[in-house]
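Given below, in the form of structure tokens, are the structures.
Next come two complexes, and both contain chain A; in the first it sits with chain B, in the second with chain C.
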Partner chain A sequence: MSSAAEGAMTSHELASGGGPVPTGGVGRRVLGNASLVVGVVMTVALVAVAALSLVWTPADPNLAAPADRLLPAGSHGHLLGTDALGRDIASALMVGARTSITVAAGAALLGVVLGTISGLTAAAARPVVSESIMRGVDILLAMPGIVFALVLAATVGAGVGSTIFALTVFFVPSFTRVVRAAALRVLAEDYVTAAELYGRRKVFILARHVLPNIFSVLIVQFTLYFAAGILTEAGLSYLGVGVNRPAVSWGMLLKEAQDTVGVSGPLAIWPGLAIVFAVLGLNMLGDGLRDVLDPRLRKRSS
Partner chain B sequence: MTTQTVLDVRGLVVRRDDLKAVRNVDFQIRAGQRVGLVGESGAGKSLTALAVMGLLQPGWTTEGQVLHDNVDLTTISDREFSNRRGRTVSMVFQDPLSALNPTKRVGAQVSWVIRRHTKVTRDEARARVLDLFKQMHLPRPEQLLRAYPHELSGGQRQRVMIAMAIACYPQLIIADEPTTALDVTVQKQVLRLLDGAVKDRGSALLMITHDLPVIAAMCDYVMVMYGGRLVEQGPVGEVFRSPRHPYTKGLLESQPTLDNIELEGTTRLPSIRGSVPPLHAMPTGCPFRTRCDRATAQCEIVPELEGDTSQAACWHPLDAHSPVVGA
Partner chain C sequence: MLVFLARRLAFFVMALITSSILIFALIRLAGGNVASVMLGKAAKPEAIAALSKELGLDRPLPVQYFDWAWGMLRGDLGISFRTREPATSLLLERLPVSVPLALAGMILALLIAVPVGTYAATKVGTPIGAFVAFTSQVGIAIPVFWAGVLLSLFFGVRLGWLPTGGWVPWSASPIDSIRSLALPVIALGLVMAATLSRYTRTAVLDVMNEDYVRTARASGMTKRGALLRVGVRNASLPLVTVVGLLAAELIGGTVIIEQVFSLPGLARMVLDQVQAREVIVVQSTVMIMVAFVLVVNLIVDILYGVLDPRVRVSR
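Right, the complex of A and B next:
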């Protein structure tokens, strides 16, 4: 009883609006969590814009119109103005959202799946296997992700596919660690001993007992790495080893704006704002989900 | 003595490196017998049970033999052991909340156990689980099948665990402090159900607890463990009425009863002086000698279990008729 009251207190304090104290029900816990609500709204908006770009954009983001170059925001037909070659910025940002989501979500999803497999294996396997996996993880984590991606782009070539691959390699080791730690906690529970007692094999125990109990951790980690993926993709494209035209990405737009930033400041601001919006929304979503799904984790981190 | 032996433990040692937590324990359990294993925390009770079940955490090793069905459980493969565990031997855990997976419905969890060891369809297993829940007097058994562990009370959870343990008609059920985590009012009910279930199936029961009245109510034979050794064993009535080992006597006298507490006064409850020494500081010889009033130089040699119907491992056993204060 006292711990439930304590949990309600904490989430009340966290909710910036200071609304009614959430008391138990999932619905009220979700709505009482300002971070989660704002995060969901921002993320849905992002996805909606990306989806819209599939069917409609104000203009072709790759269509140059030298006569209209460097128009300010609010010009007729160009909501956010045009760049140095007269290309529509609003359209480029919409298509860029799609690229960001594809690359970041793809890498985060691959990372979760592969990280879960290796993390569960490391948690349950014999010490030799487990140690090999974890030392491999240490080695991968010792390499800076950006450097790895640069090498990859230089050898394989830049593009959406190789960016996803680079990010995945970057994500899997951290996921492995998180999943292994969570799985070890579950494996120490009595119901796992009970399952062993009743003659269950490791695979069954991992699938039926461990996985459902670490699912909330996986969801939260996915959203947080989704955000990290958007940020890293932007960084890679800015360096020129990520996405290039005719594909469009926010990091690439930043790089292009760099040349004309002295002439037109807003050109660099729009893609920057888009990145901030997406990453902030996903991080708030992740934090909010963590509060709602795994109260224990929140207590430790705050 | 003509009945079949379901468990024969010979010279069991459980150790972690040089630390022996269970030292040379021998005992037999016959079909249908109810044996109680008592002792303080750290006496080695639970490790003995886990060693029998082959469920020790990595790092612990065993020596000696654990014979069940004429097979030495310490030598068979993991695969073979898996097939036996839960079918011929099963276990009720101390904390029913952590022994049930919080993300799965209880009906499904019991049904998994049945389907692991018997070839039945999903529906047949479900019917059996329903039957077990009814036997356990669980309220609204149909709905409870679909309930999650957190929706059940502590007593209900433990009854689910017992249902799971008896599901495959095991020859031996090990109950590791099955009522410790429960309210006193619920304890009695759970014990009665366990008692009935064991009786119906003719299973043997190994009851591990530090709660002496539970042993008195449930068991016909008791083994007292201290410092990893059995210090006294015998029929419950005989051991409890006239304990011969000073430790058993101390344990019985530490049990609060209405007789040894003066309700209006401030008498101290009798206790055994000192505390259980840690494993690395366990004295040589009789493990109890550092806390024993009767200890002499002779106690530096390990005493053997001696006696007829009830046996004590003590060089200076108490007179068979020395009264127990307050018991």
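Right, the complex of A and C next:
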């Protein structure tokens, strides 16, 4: 019971993010961690913009208006100007935030779930099973994520679904490794031995003792892969094998800018800035969370 | 050492076989009928049947797989069904662009990351250390194509020092070839260096906390002396692993950066083939990329064994 309660508390702390936290020690650690505070602020801003785009954007990002083409930033009604077809850049960036979040968070979530299943299996199963999972992971890690996306684009065609699938395949092996390593640490603890001696079944031990104790690892990894997913999705869409119109992606906007007006001008700058902002925020959030949730690691990495 | 080598080789071969089956299966399962994918939605059934017969797609899948795998081993990557060109010669034309780009990018990344990461590790807790850590954090967040765009904006458009894109063949003017590769290499190297320098910093920090470094310090060596004398070889172990993992990222980065600078490399070829739905050529080229990563990992594993005698025994 106590370990389940611990798990619940951890998730409660996470849910409250930078807000008030019950215990003083953790509270001081949260507020004293610049990376976490900045990361939370940036990520909340990103999510807020994406959420806002669901109900309101300055204009339709797919609506071409030839009369208004290539307006500079600050033009009336177009905060960041327009592209070569007269489409509003600010609106496109807002909708792009939504695409980034959907694709990257979706893939990271699928990756966490599948990676947790295979990682726990690898940690607890018989050596034959565990060894074959880990060798399979080694092989999958040798496959560049971009390769899967290319194959999918050539066969089923590019799109949001293909991109999420490609990213998930790319994420699962590394998640499996991380989860297995974390689970092995927990499985070596005395209370697990006690539970085994008490006659608890493996599945019970994994669900009751291991999962709650590796929860913080999962959260941190989710955040970091969320960030990696945004980068990879942008790269794939930039190549034209990721997200396509009418969906809007930051990588796709950069490609369009380069195709129509070359690299010069603000068209190529805005989407890049947006990507850096989102990825930096999430990475700082992930690093901060790691420091706060796992003080042992803090000594090592800072 | 021999047993160790044999084991690594066995894994390498296993990995090659498994990944080739995976790629083959993915294409056949995800795409359905390859001939109808190639010909598009409007194709007539007779045309699909004819192409299937010509490319041998009407044979059982295992036969097709072995035929393809055997062809790959002999260096036959299949032919483009539109232009009738053999994919092997298409590929070979592109390598003089892609290989120097990828290798130079990797070397540049190592040249930047190892000194910077080591320096950052010795400066932990100081403003300089925090600054280096933050810079690499920002570097990781920069997508490689945007780095390319910014570099070509500054050095190409603003200063006019280097071409913003395009390619001059080695045979025409080697100096111009190098000039057209300069910005792509810098973009690739800088972005990979950001990731690599963080790994270096962590690896060096781990080593600095080890007993043998403390002993060396206690025996009167300076921090730097201890690090160089006993730390470097130990810190190089995790780094070698990371280089292996980065090989996959290197492929992705190279593909993207070639697109940014319109270099006629492997990436352009693959993307063109994807657009043209040349499924079999894509299948073969993708397999070549995976094989490259596996070879790098094999070399890394062997290096690991050379650097660390413990690995030879325990694995």
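In this text, the second predicted complex is superposed on the first by the 271 of 302 C-alpha atoms of A that agree within 3 Å, B and C clash if a C-alpha of one lies under 4 Å from a C-alpha of the other, contacts with A are read in each partner's own complex, and residues count from 1 in each chain.
Here is the rule we use: a residue touches a chain if its C-beta (ideal position, glycine included) is under 8 Å from a C-beta of that chain, and two chains touch if they have at least 3 such contacts.
Because the structure is a prediction, the values reported are computed rather than measured.
Enquirer: Based on the shared chain A superposition, would you classify chain B and chain C as clashing or fitting together?
Expert: Fit - chain B and chain C, as placed by superposing on chain A, sit side by side.
Enquirer: With the two structures laid over each other on chain A, which partner does A:198 touch: chain B (first), chain C (second), both, or neither?
Expert: First partner only, chain B.
Enquirer: For A:172, select first, second, both or neither according to whether it touches chain B, chain C, the two together, or no partner.
Expert: So A:172 meets neither chain B nor chain C here.
Enquirer: Could you tell me if A:190 is touching chain B, chain C, both of them or neither one (first, second, both, neither)?
Expert: first
Enquirer: On the superposed three-chain arrangement, identify whether chain B or chain C touches more chain A residues.
Expert: Touching more residues of chain A than the other partner does is C.
Enquirer: Of the partners chain B and chain C, which touch A:218 in the superposed model: first, second, both, neither?
Expert: The answer is neither, since A:218 touches no partner chain.
Enquirer: Between chain B (first) and chain C (second), which, if any, makes contact with A:143: first, second, both or neither?
Expert: In the superposed model, A:143 contacts chain C only, not chain B.
Enquirer: Going by the contact rule set out at the top, does A:110 touch chain B (first), chain C (second), both, or neither?
Expert: neither
Enquirer: Per the contact definition in the header, classify A:42: touching chain B only (first), chain C only (second), both, or neither.
Expert: Touch status of A:42: no partner.
Enquirer: Kindly classify A:209 by the partners it touches after superposition: chain B alone (first), chain C alone (second), both, or neither?
Expert: First partner only.
Enquirer: Please provide the least distance in Å between a C-alpha atom of chain B and a C-alpha atom of chain C in the combined superposition.
Expert: Value for chain B versus chain C, nearest C-alpha atoms: 15 Å.
Enquirer: Across the two complexes, what residues of chain A are contacted by chain B and by chain C?
Expert: Shared contact residues on chain A (touching chain B in one complex, chain C in the other): none at all.
Enquirer: Flag every residue of chain A that touches chain C in the complex, lowest number first.
Expert: Interface residues on the chain A side: 135-136, 138-139, 141-148, 150-156, 227, 231-232, 234-235, 238-241, 251, 254, 258, 262-264, 268, 271-272, 275-276, 279-280, 283-284, 287, 300-302.
Enquirer: If you look only at chain B, which of its residues touch chain A in the complex?
Expert: Residues of chain B touching chain A: 53, 55, 82-87, 90-91, 93-95, 98-104, 109, 112-113, 116-117, 164.
Enquirer: In their complex, what parts of chain A are in touch with chain B?
Expert: 189-191, 193-194, 196-201, 208-209, 212-213, 215
Enquirer: Show which residues of chain C lie in contact with chain A when the two form their complex.
Expert: 11, 14-15, 18-19, 22-23, 26-27, 30-32, 37, 124, 137-138, 140-146, 149-150, 152-153, 156-157, 164, 202, 205-206, 209, 245, 247-249, 251-252, 255-256, 259-260, 267, 270-271, 273-275, 277-279, 282-283, 286, 289-290, 293-294, 297
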